[in-house]
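Just below sit the structures, each encoded as structure tokens.
There are two complexes below, and they share chain A, which is joined by chain B in the first and by chain C in the second.
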Partner chain A sequence: MIHHVMGVNGFYPLLMTLWLLPLAGAVLCWTFGPQLKQLAGWLGAATLGTSFVLTLLSWSAATQNSGGALGAHQSLLSWIPGFDFGLLLDPLSLIWTFIITGVGFLIHFYSIGYMHGDKAFARFFAYMNFFVFAMLTLVLSDNFVGLLVGWGLVGLASYFLIGFWFERPSAVAAARKAFVINVVGDVAIMFAIFVIFTKVGALGFGDVFANASQLGDWVFVVCVGLFIGAAAKSAQLPLHTWLPDAMEGPTPVSALIHAATMVTAGVYLIARCAPLWSVSSDAQMLVGTIGALTALVGAILGTAQWDIKRILAYSTMSQIGYMIMGVGVGAFEGGVAHFFTHAFFKAQLFLGSGLIIHALANEQDVRRMGGLMKKMPFAFVAMLTGVLAICGIPGFSGAFSKDAVIYGALAHGHPWLYAIGLITAGITAYYMFRMIFLTFFGSYRGDVDPSELGIRHPELAGTPAHDEHEPHEHDHAPAWIMAVPVGLLIVPTVFAGWLMFGEHSWWSQFFSAQFAPEHTVATPVSDVMTTVFAVAAVLAGFAIAYLRYGAPAAMEHAIERLRTETVRMPGALANALYFDAALDALFVRTSQLLGTLFGRLIDPLVIDGGVREVALSARWLGTLVRSFQTGLVRAYALILVIGVACFVAYYAIAGGVH
Partner chain B sequence: MTNVIANPYTSADWNVLYPLGIVALGALAVLFVDLVSKKHAPKWLTLALAGLSVIGAGVVCAQQYGQNYDAFGGGFLLGGFAVVMQELVLVAALGTLALYATLGDEERMAGTIALLLWSTCGAMLMAGAANLMTIFLGLELLSLALYCLCGLRENAIAREAALKYLILSSTASGFLLYGMALLFGSTGSVALAAIAQAPVAGNPMLWIGCALFLVGLAFKLSLVPFHAWSPDVYEGAPLPVTAFMSVATKVGALAVLARFVDAAVPSAGAEKLLLPLWIIAGISMVAGNLGMLAQHDLKRLLAFSGIAQVGYIVAALAGGGALGLRYALFYLIAYTFMNLGAFAVATAISTQAEEGSRLANYHGLAQRRPFLAAAMTFFMLALAGMPPTAGFVGKILILSANVGAGYAWLAGLLILGTAISLYAYAKIIRAMYVRDEHAHAREAHPVSPLAWASAAVCAAVLLVLTFYPLAPSNVIPLVR
Partner chain C sequence: MLFALIVLPIVAGFALFALPKTDTRACKAIGVAVALATIAMTLAARNSEQSVRWLSRPFTAAFHVGDSGIGFWIALLLTLCTLCAILASNVPRLRTFIAMLLWLEGTMLGVFLARDLVLFALFWDLMLIPVFLTLVNWGEHPATAWRYFLYNFAGGLTLLLATAAYGILAGTTDVIGASGPHVVGGWVPWIFAGFAFAFLVKTPVFPFHTWMPITYRDTPPPMVAVVGAVQSKAGLYGLIVVAMALLPDYLHAYANVFIVLGVISMLYGAFVALVQSDVKRIVAYSSLSHLGLIVVAIATFNAVALQGAVLYIIAHGLFTAAIFLTLGYVEEREETRSLVRLGGLGAKNPRMAGALCIAALAALGLPGLAGFAGELIIISGIFQSGLIWVSIVALIPIVLAAAYMLRLYQGVMNGPEVADLPERRDLTWIEGLAVAPLIAALVAVGVAPAAILSFDTSAYNVTVPALHTAQVESK
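Now for the complex of A and B:
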């Protein structure tokens, strides 16, 4: 087999350095944590900052294109014949690396302030740096195996960080749930990889994509396997339930891992496997539909949340639904564009919410906020720009990418998904402005008795109001440490979308050699009209939010209204559409049942000791006799004899045929 | 006139058995020292003697590498294959000695270790056995010592395990012996190669002989449906014995099976003759992994895991190609170190009072013993076949061998089994890393340095195997 490599082979020291630096940072923070103290944070941020600079310096290498080989390929070691381990930096992985190191750097910087005074300060940065290394492994790997390794490692880092405050039982439960769902995904990807290897005989991206035709009809199976993995990591229906719970982690973790980077790994996987997706229209239909439904369901659930971080978590799920819909239907450029802008505005929103949570001593319930605009004008500006971007107000970054995705669904022949995309845009505007109105407008409700707001169990409503492990009121780091990253993020939150503006935008130039030309169909509606529709939907959503939460009349009776809404919340919404219960019944119970069932078939002693039949005796003879009497040994002997009978029967027949 | 009975064997024949002889002498030396000691031989002395004999045997055995000799009229084939298999058995024995250093009590040490060494001799004999006589001799030497080792504990479960093992294994040995008798009857020779020469057509005696012979081996390998004994016996036996059984028995039986597939199967009916073997290997891969799902005890879990793992290795032999055999050997070597490593960790967290085999012992281990938890994770991932471990490399190689030989269905079952197994292995990893209420209840107790070191060595060897996967299989020559 000819060895196909994506990317120009060469020696790229910068690439290797930017990949390994975060690992070095993690090791240093872990090893010398007690000595480094607050310096651990600066060390962690500095390694990422350096990696970011190196990413920028590698830009020309990543975009080089000679003879069909796009990007930079660095071989690391030869493994199984025909299968090498290496790094690949092409436009697609460059965009991810740019976000991981760039936004990662800002979030690390912010964390120095946010985590100030936490007793496990250095451990936090060790985990965060390790996460970045794992994520870089995922996106820079030139083969499916390396990708899966990174995939597993980011999962590991993720549940370390979700369970970071492991004294909270809810954090531990959340970490466990993330673990279980991610194992489902890992199994599915591994299955796909084995199928690929069985059919194609290679695992490097270049080899697999060049010989994708050998997969035949199996390409659909491979795509489904990869997508189940993507769905688990990227919180797509019905494997999304871990993401809202993952908000138990510190807020910078939510910003970096559960919004900007890790949860978009599924989008990366599908975009990376574009050559497989583009030949399976069934897979496109399936993935596009699930993406659209996730966008819709996430938005609907977002309307019913009271915890500010859970609102943002459901919005993340919804926005990733858009991305998955985009790459799923084949609009790869648009899907990746939405990843790019989302990383900025969602990080912005999370870090902005972190400012509020930090200032209100860990209050996360929006019912107990209100009127914060005057107290925290900077947080207000930060959150507002983020909201305008996520809603897709023209001119803000989200508008360009989201409209590209929605229009892409239509252009690839999926009018229903197009409609869902537009409806979701309206709902998004509603719940996002609901959050803004409840948080920043009206009067402060933090001193109101929780029961008046309908909060029956304040300690269950969100995270504990006062947690000794979170930063203390009296021990604040200088405010500018947290403000600077938020301020810097405002720039791309507002302007990043302009890269995608126009027929021959910088963005489409950038990806011109990455993705094969898309096969689009004639559309009844132009892309400009799509933007008009989207703006109309957004205005409608805004208007409803304004009437319910922002209008002077609503403000006046805010407390009664909130109480009524809390009490009258439909059960389906309050219970997140019962996905948790369904998943529990489907996976947890079924796997227990399967285990017991097969256990009984294969292993007569399913539950250790519980059904042990042999009466245990201190005497040899007693045991001997009893074990014959009570039948366990007889059962085993019976299995043995039946097996022998089958064997002998086969051989007698097979031998007698001659 | 004196009737001189000529000794048919020359010194060259006996030279072949040097490694085996050294181990057997080691066993005698251990017993002798115990006999002349006042009360009991000191633990360290017993272990040192045994360790020396095992290492000495390993060195001598390594020096035989590159020689080819048919000793005892074809009863023991010295060659690269036999050397590698014997070394694997010796590695298992050495690892087991390290575990005994942690867990064994002085009173019974000498007897235990002597039995262990004799059992090792049996497995070593199987590694080179090439006729029915030596195969049976090796198998019984291995098994008889193991029955006793299983029961050597003041514990009802251990006795029950030993008894079950004895009863069921003897039954299987009976089948094996009967099969051998039929094979001998149909060919007139005990040599494996003679079976390959025998006419296949109209020779039901040969076929049924093969059936019973394979049943016997499948039992020793605990392939489904001949597996029922192994979880109980693994659970009941002392931890070091379980570790030894999970490796040495399988190495010995696989050596015999590989040689049988290579040398004894008539090429005319090969596909038909071996089909049931591949079928039970396929069933074992899936059933073994399913069986793991319900387990809460590391030893039982590894028993089921072993069922599936042996299924993978046997499946690699399907097609009978030279490549398949190399890949099977590679996987077997990797498996040896994965399993020994896992048992070393289990031993390291054991105390004299309680073996560290219940899943509850692993809760929060990552906090108490980060290295052990990391090593265990590595072994579990390797057993599950996750990249980038040797287990993954091995599975990929086996898959390619299967597909190349036209056994795509086996490849499919392997994938299915792997997918299921990840769940079960993840259970242990999760227990170690996800903190919960049990974590606070358990105090870290001192860890035996030897068990710790064994885990480290196993992990290191696996790492080397992972990244230089073709090195060992390039060195391993084909069956001879």
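Now for the complex of A and C:
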């Protein structure tokens, strides 16, 4: 059997080192945490910084193209006979590795300041480094099982970090919810693997894609299985409900795992499996639609949040919806481009919100903020550039990639998805500027009684009033540690999009050998017109946000208006369109009911009761049991002997049987 | 060597009584030494066999012991679990308890190394005695001991009868580890039923499982670690080396019954585990669920599923032992097993939390640990054998396992600290040492499962998928 390998086989020590360094960092931070103290943070950041440099040094290896073998392939070990595990660094995995190590490094650096003084400081960096190792395993694997291993391990790291403050019941519950929903995705990918393994007989990407035709009609099933996995990891409808809850984790975790990297694994999976998606138009239709709906629903729910991190969480869900829509319909370059720019501006937004949360002693409710522009001008600039990028203001990074996705939907023959993409862009501008106005404009509302703002249960509304785990008031790390990464992120947040500008952009050159040429249809409107439409939608969204929250009239009565909005929030929005309640009733409650029914009713009454009946009614059995009590071993040996004797007797009578 | 391996722990168990009752340290040291010796001897005895002629009429039988290919791995698991259990033991009347553990080890080594059916059946019955005596002496409810007795000795009896009948029909019982002579006759269905009953009760599967949760609940943790991890595998091992290898036609004919029972066990156990509050009962029902999957795997007669089944037998043994031992530490300190009362132990007991966490993650099938490899290969085999819907249903318990295992782990270790729990001392180094080998093995088997998969499947009448054959040939 010929093995089709993607990537040029060879020995790549840099690749192995950049993959394993974060694992080494995790082990060191874990083992020597008490001795390392604050050094654990610097160690964690340093391993990532080194990995990032090694990624840059591997650039030429990753982009080498020799006779159709693209990138670098390193064989490692044989997992089970016939199936080898290796690393593959090609342009697609390179882009992810670049973000994971690069943005990861900045977020680790930031965390040294943010987590300063936490009693589990070293444990935090051990988990973070472990996450990076797991994520690199996911994107560098050259086969489906290795990808699934990375997939599961990032879920584990996410579980640990959501539940990092594990004394908090809400964090514990959120961590479990995220893990269980992700296992739904894991088993769906497992099923896809069964199909691939049975029909193709291989699990390496190269082998599978070269023989994809052997899948026949099963290719749709494979795509659906992979997509359920992608949906769970990337918070697509209806498996998104864990993501807002995941904001229980420390803010740097939200930035790295639940915005920039892990939640985009679904986008990576679909882009990686582009050869499968390209041959199944049903899968394209399904995934493109779910992506677009997720973008829309995420944006709608984003308009109804008060917790700054939950606003950003829903915006993440919505933006990943765009990416999934892009790679789903076949616009792989555009979808991946949006991952790339989103990683910068969303990390920027989360780290910016972290500056605010940190300064306000863990206040996360935007109703209790306001007027922070003067107090925190740097945070304001950071957040504003992030918002301009996510809204897609031309020139900022998000504009290039988002418009590429929206236009891509039309170019691949999905006008409805195109329309949803444009509408979502408008809603995005509305809720993002709502956040900006509430946070930075007007006057500070933190000293107003929560009930006047309509906040009935401050502890439930994202306001962990006094958190004993972060005694920041007394013990601050130097401010520059958190400011420098945010400042550095401003650069790509603004400029990264220019890589994708123009017909023969750097970006499309970079991916020219990765993705097969896309089959597009003639479009009624051009890409330039698309940008015009998008800007119009954004301006409309901005105008509404301004009128409701930013205009002088609105500012004047901010407190009353916020109370009214809180109290009159429609039930559907306040309850996140009842997705949680529906999943809870359908699956959680039903499972518990079945468990209780089986355990309390069937077990003791039906089965056990029957056995007990037999045991009690058979008096002779009782006598037998009593005889055993006197000398169990002896009596049993006796039965043994009698048994053997019976067969000897049988043999004697029957005269032998052969 | 092999005879010595089986006899050594049994004799050592008796020899312990020569020591003074109060010298628990010496008892434990001797127990550990014997367990270490059995590990070394098991490793040395791989691929070897020893045989002494015993009966020639009415059928030939021999004291024939050796490695059947699969038996070696389970024997290795057994010796490892015994070592860990002895290290972790801390119960009143320790001398007798360690003797029980050693007897259990010796008799079970007999079960998994026997190459003769009569020997197998003999050790099968003997291995029930130490557990029964432990339940009588250390158990909370005498009724549990009798429940264990009723079910398992009933199974032992049908096994013995079926063995004898098989011997008479086949002319020999020296058949384990190979496909035996073809047996025909009106009695064969009954022989098959006798074997099947014994194996299904021992595993157990629904509806023969009700002895198991209470037995696991009442047996002291070190003993239940060995029973849950290894004794439960005797039934599955029997299904493979007896039902698959010797009576394949009947297992084929009744495969649907086994698959249905396996699927019901899988789902039933998982749902019930979701709502238990006694931590040991959660693990007991999870065992019902996990072992149901192996029963399905065996009944498919698929080479891949069979390899996965053997791998999962080992993986399940490792994580079950680790979970039971850790929960034993919890119970010893906090004097409760109820999730209603437990909570927040992780803050002050990081080592204990770490051990339980890794074991629970292996149990819920985290990719990279041993349980995942077993599940992936088994269900892949089930899918290959054409049972597509069964393979889909088999994924449901994996999701449920994530829910109940995390509920277990978080319920004990996470959340706010509970004020009225008696003691919060972390693991001593010797307690840590008792779980460390199991944890290390879980990682090692997860990363490199290939060795366990390398046994010869040809004796078990399995179908080897066409693609797989091509691949092996190309190697």
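Observations on the structure shown:
Just so it is clear, the second predicted complex is superposed on the first by the 582 of 658 C-alpha atoms of A that agree within 3 Å, B and C clash if a C-alpha of one lies under 4 Å from a C-alpha of the other, contacts with A are read in each partner's own complex, and residues count from 1 in each chain.
Just so we're on the same page, a residue touches a chain if its C-beta (ideal position, glycine included) is under 8 Å from a C-beta of that chain, and two chains touch if they have at least 3 such contacts.
Computed from a predicted model, the values in this text were never measured in an experiment.
In the superposition on chain A, A:Gly10 contacts neither chain B nor chain C.
In the superposition on chain A, A:Leu153 makes contact with chain C only, while chain B stays out of contact range.
When the two complexes are superposed on chain A, the residues of chain A that touch both chain B and chain C are 77, 79-81, 145, 148-149, 152, 156, 159, 163, 166, 172, 175-176, 179, 183, 186-188, 190-191, 194-195, 197-198, 201, 591, 594-596, 598-599, 602-604, 607-608, 632-633, 636, 639-640, 643-644, 646-648, 650-651, 656, 658.
Against chain C, the residues of chain A that register as touching in their complex are 1, 77-82, 145, 148-153, 156, 159, 163, 166-169, 172, 175-176, 179-180, 183-184, 186-188, 190-191, 193-195, 197-198, 200-201, 591-592, 594-596, 598-599, 602-604, 607-608, 611, 615, 621, 625, 628, 632-633, 636, 639-640, 643-644, 646-648, 650-651, 656-658.
Per the touch definition, chain A reaches chain B in the complex via residues 77, 79-81, 145-146, 148-149, 152, 156, 159-160, 163, 166, 172, 175-176, 179, 183, 186-188, 190-191, 194-195, 197-198, 201, 203, 591, 594-596, 598-599, 601-608, 614, 616-618, 620, 623-624, 627, 632-633, 635-637, 639-640, 642-644, 646-648, 650-652, 654-656, 658. Chain C makes touch with chain A in their complex at residues 57-58, 122, 125, 129, 132-133, 146, 149-150, 153, 157, 160-161, 164-165, 167-169, 171, 207, 209-210, 213, 268, 271-276, 285, 344, 346-347, 361, 364-368, 372-373, 375-377, 379-380, 383-384, 391-392, 395, 398-400, 402-403, 406-407, 410, 413-417, 448-450, 453-454, 465, 467-468, 470-472, 474-475. Those residues of chain B that touch chain A in the shared complex are 156-157, 159-160, 163-164, 167-168, 171-172, 175, 200-204, 206-208, 210-212, 214-215, 218-219, 224-229, 231-232, 235, 269, 272-273, 275-276, 287-288, 290-291, 293-297, 300, 304, 385-388, 392-393, 395-397, 399-400, 403, 408, 411, 414-415, 418-419, 422-423, 426, 430, 433-436, 467, 469-470.
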